[in-house]
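We just call them A, B, C and D in the order they show up, numbering each chain from 1.
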Amino acid sequence: MVAFERVAQPGVAPENYHATSIYPEYFHIRKGEWRLLKESRMDCVVALRQDGSLEVKEFRHLQVDDRVACGRGENGEDGIFVHTEAFDFLEDISHKFVFRSLITRETSFSIDYDELYDLLGFERKNGFIVWVLGPAVVFDRDARNAFVQLIESGYVHALLAGNALAVHDVEAALFSTGLGQEIYSKKSVELGHYNHLDAINKIRTLGSIQKAIDQGLIKDGVMWAVMKRGISNVLAGSIRDDGPLPEVIADVYEAQDEMRTLTRSATTVIALATQLHAIATGNMLPAYKVVEVDQVRPVYFYTVDMSEFAINKLANRGSLTARSILTNVQDFVVTVERGLRKRFG
Amino acid sequence: MVAFERVAQPGVAPENYHATSIYPEYFHIRKGEWRLLKESRMDCVVALRQDGSLEVKEFRHLQVDDRVACGRGENGEDGIFVHTEAFDFLEDISHKFVFRSLITRETSFSIDYDELYDLLGFERKNGFIVWVLGPAVVFDRDARNAFVQLIESGYVHALLAGNALAVHDVEAALFSTGLGQEIYSKKSVELGHYNHLDAINKIRTLGSIQKAIDQGLIKDGVMWAVMKRGISNVLAGSIRDDGPLPEVIADVYEAQDEMRTLTRSATTVIALATQLHAIATGNMLPAYKVVEVDQVRPVYFYTVDMSEFAINKLANRGSLTARSILTNVQDFVVTVERGLRKRFG
Amino acid sequence: MVAFERVAQPGVAPENYHATSIYPEYFHIRKGEWRLLKESRMDCVVALRQDGSLEVKEFRHLQVDDRVACGRGENGEDGIFVHTEAFDFLEDISHKFVFRSLITRETSFSIDYDELYDLLGFERKNGFIVWVLGPAVVFDRDARNAFVQLIESGYVHALLAGNALAVHDVEAALFSTGLGQEIYSKKSVELGHYNHLDAINKIRTLGSIQKAIDQGLIKDGVMWAVMKRGISNVLAGSIRDDGPLPEVIADVYEAQDEMRTLTRSATTVIALATQLHAIATGNMLPAYKVVEVDQVRPVYFYTVDMSEFAINKLANRGSLTARSILTNVQDFVVTVERGLRKRFG
Amino acid sequence: MVAFERVAQPGVAPENYHATSIYPEYFHIRKGEWRLLKESRMDCVVALRQDGSLEVKEFRHLQVDDRVACGRGENGEDGIFVHTEAFDFLEDISHKFVFRSLITRETSFSIDYDELYDLLGFERKNGFIVWVLGPAVVFDRDARNAFVQLIESGYVHALLAGNALAVHDVEAALFSTGLGQEIYSKKSVELGHYNHLDAINKIRTLGSIQKAIDQGLIKDGVMWAVMKRGISNVLAGSIRDDGPLPEVIADVYEAQDEMRTLTRSATTVIALATQLHAIATGNMLPAYKVVEVDQVRPVYFYTVDMSEFAINKLANRGSLTARSILTNVQDFVVTVERGLRKRFG
């Protein structure tokens, strides 16, 4: 049976704590009962609530007297079973030798698009699709429009991004530029290096992006579409930010908690061209979700990026089940929107 | 007036030879006559033919007694004028400061696609479109099909590639795999590492790709479409090759000459995911073409690649007028085919 | 003369505010007096203090009734002169054509190393050298040791980094691993994926890295060397963080302010393998520093990274004067330490 | 026992031919005798000589009546045993989960340098070290000098490269530039874009690099050091070439054969910053070498490159045993030369 030790100091786990993985985990709570962990997340600890249920907690949220599961055996010897083979995302390679076992830009991605269409068609009604966006998506007119269309068509249930995504999206709404460059013609406009600052200053004057939308100042774009439809979103701050915009969360751990509130519901996550946010989200995403009493389904995690390094880095940090498409996110968004429209209208 | 010196040794230019650039160049042949160079190519020399016309020649093709233009001034002082400002591909940036002057994966590419559609729509009838292909295009089912469709629709007037492109295209035609991996499902087939060797061996048995098509063995793919329509193509050998296929030219300088025969006619060149062939083609491509008597039009050169390094390297080697799109060529080909079909049917 | 407008709303600049650049800027304060801006930073505003001096402020620090310089002309027409040509970091290229104008991995970097040695030899005594570190430096034994040696030799006056750098440095100090992999042998140790969590948990138990050093628990590494010598440092939080360690600043704008306190003194900044922190620092770094009354010197900014994209992105965001070396930071640190030791002991 | 089938057509293997791998392979020649294949190479066939010995042949070298080993079973069922586990280059990973299983720029490389020093110290006397060089090495003064020093110190037994390496090395010897840019100061010299053409033209005038050295025209650099010491080398042509220099082999399959003559002797191969030549060499390199009668040793293959893509591509093409260091080759060469000098003088 799994041993629970008491927390003696806030935010500090007892020695020999068990840390969660991305896999389904079962805890031997009492004789004959192995309980499946819900709403897990990598690198957290497991606390036993008063009512006997299990709670996955970040170390920093531990409180004195919380009872934390201990033991590092993963095969049941400490009362904890980590089910690494719950899903077979990866083909079993039984041959002695194959070429092309690593994903690169030369990997064939046709099937990934098709499977993604099927998945999103299903998830639109039955799942919870979280998008994680880097600013590249709004630097291009067609990609920005296509992403808005995805929102309008119901394929976006939550948005995770940073200040930059919102700033350049608002800059595009107000001035049709991204960092002073027109998002279609690429022409640098006169004094264009003021545009993102003017955009931020304007929103700060009004008090929020929402107010700029309410007042009809912002009439298009990702933030407009998201807010108009009341779609949950988190804008997390970073040290790179100008501004920030009022909606941005300055405290990164508070931002993490907010992000986690959303990823907890996620059934599919798609991260586009943002190493920072993709890894952050990958860290907090389990490979599975308990949808009904003890019924388990996989959580899909796609990352789209231009570089093998970004993909490998994610894999090296434990997000083993991520599926990756190596391409420019502009093309990705435009292609996916068109593909979904063709199939599902 | 420009001085011409005699060649004393085969394949060797006289001292102080003038080397050609990618720009339009005018030669002061006789009093009052500045003659425009036709069918130029970077890093060649200019020989005066018996009939008084000018010929652009690679050093290695120089013969004893050829008369070679000498002088390195480019502003007419030596009888040679290099017209670097003939075309304004690049925006004039007159502001003190602009962001985003370098092309990266975050550059907006919507306009490039649109301009490319317009261009190809025009060139299909009025120009000569040369494609330079790396093997990535045929490793993916949808990209391969889309490229075939481009050929069928008349957007491909010549093809430059290497042994690998043809081998993996033929492998796909015979076995539906690329290096043993299915080009749609990505499954590694049993003994799949034999497939490209079997493909080569089969073609070598028959004597040529053409014969395999004639016999109905090859019924789809890039080489099939190209050969069926009699489209000019050059398959250049490289030290990386298996085989090679019978059509491949083993001598790289002979291959260069063949490639040049085609690029001489080119009005638009599009190079996809091949640093070797893209640089080779860039080297032999002038920025302009003389279409009628002393009438000049620009030659468009697009490169599509995943890495800023490939793009920068091309620019650093003198292909200054190349326009670049940073993306996965699979997406590029699929998107361009769809875009052209939508516009021009 | 420059016009100053009053702030009406906290954190919001008046319309037509002037935003600072990285260049030296002169403000026409009163007849005959053009005052040079001190301690500038890109994308801030300029406030006139009660005592008549000028203060560079982030928008978010503006308070009601602050008087903000307005006008966007940069040539004196609005009383503001932006001296873009104060320093000639870049060679003047007067030829009609040159190869290799862009920096890539094939650029020659010998001279950059030599100039950096000279610079650091000078700055060690006469300047203020700020290092910006990504975690890659501490994932490798030799690089980590070499950086410690740089600290010991007096070449590090301040350190900017994130939670990850400190976590993996402490993990290395306690377990000789980075994310569970030995930092020399690369062997994955048993249960090594617990090591960074154990490291964090241990430091949180003690209350700070400093206490772990005081108690003799941490006896080597970057944080050890920095803290032992009382070197200023900022550990900024990000949403990617585990933990965090107690010293990490959770609020990114507070972190920005702390970073700026240090960069304000900087005469040379060297950013290693961290796009996030490099761009953040680049944003807050002027191209110059006023060292004595109206005497100006350049501020040197080096970035070391593996990818052209990272370098170009920095340039595209305005850090035009950054010098870049494209290489692995492990080799960079080892080489620089050896080079400095050879020259200066 | 293995079946041998007769070749009916030159350059074409019989159906069901056995293709070689990089691993040691044993052929059941007669009862009780399993013969180890010597001087193997990936993707070739095995012919039985008149004298009963086995010969590894490229398909294109097959002659009518050659007897070729057939059968694709690799576990002895067809009389052929492929010994994939002869060497354990790769650590056995027995844990349930580890971070960092893929090689990236953040991998620790200290141990690779140390092991390489040990290896080269041994191989200098007891092995045959083949270097494969891209032009980047000679674009930088210090890297070029360091490589010359490696040659002088006996660490280079053969050199494989292309026309570009030799051209820019000779350009550096004659003009101190690389593509017109000084290889130390990076200054673009007047009319520098003529330098590589002048270098080629000069060598073509003389007839060979060797003659330029004999006449005292070339007094430093990689080609100078290699030729002075009579070190075997192959300069293979490519379609990208200017010139070419007289020593360059125009026919790529002839070049392949020449390269193979050298790799046949190789015990260690180090490929620097050249995807084309690295893959070409990887294709022809077995994982082992038979040093004495049936005594087998591993062949070491290092690739040094800046991008994960290059590394992954090599692995995807079957060079599984390659060890990779991700860094700038300039730093690599300088560091290795210094490391070796320190250890072995």
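Following the convention adopted for this analysis, a contact is a pair of C-beta atoms (placed from the backbone, for glycine too) under 8 Å apart; a residue touches a chain by one contact, two chains touch by 3 or more.
Here the structure is a predicted model, which is why all the values come from computation and not from measurement.
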Mind listing the chains that sit against chain A and also against chain C?
-> B, D
Result of counting contacting C-beta pairs for B-C and A-B, higher pair = A-B
Distance between the centres, which are taken as Cα means, of chain D and chain B, whole angstrom | 29
Distance in whole angstrom between the CA centres of chain B and chain C is 43
Mean-CA-position distance for chain B and chain A (Å) | 41
Check each residue of chain D and list the ones that touch at least two other chains.
-> 97, 99-100, 105-106, 179, 191, 193, 306-307, 309, 316-318
Residues of chain D defined as touching chain C within the complex = 91, 93, 95, 97-100, 105-111, 113, 135-136, 139-143, 178-181, 183-188, 190-193, 273, 306-307, 326-328, 330-332, 334-335, 338
Residue ranges of chain D in contact with chain A within the complex = 21, 74, 82, 84, 96-97, 99-106, 307-309, 312-313, 315-318
Listed in rising order, the residues of chain B that touch chain D in the complex are 9, 11-13, 17, 19, 43, 59-60, 72, 179, 191, 193-194, 197, 200-201, 204-205, 236-244, 250-256, 259, 275-277, 279-280, 283, 306-307, 309, 316-318
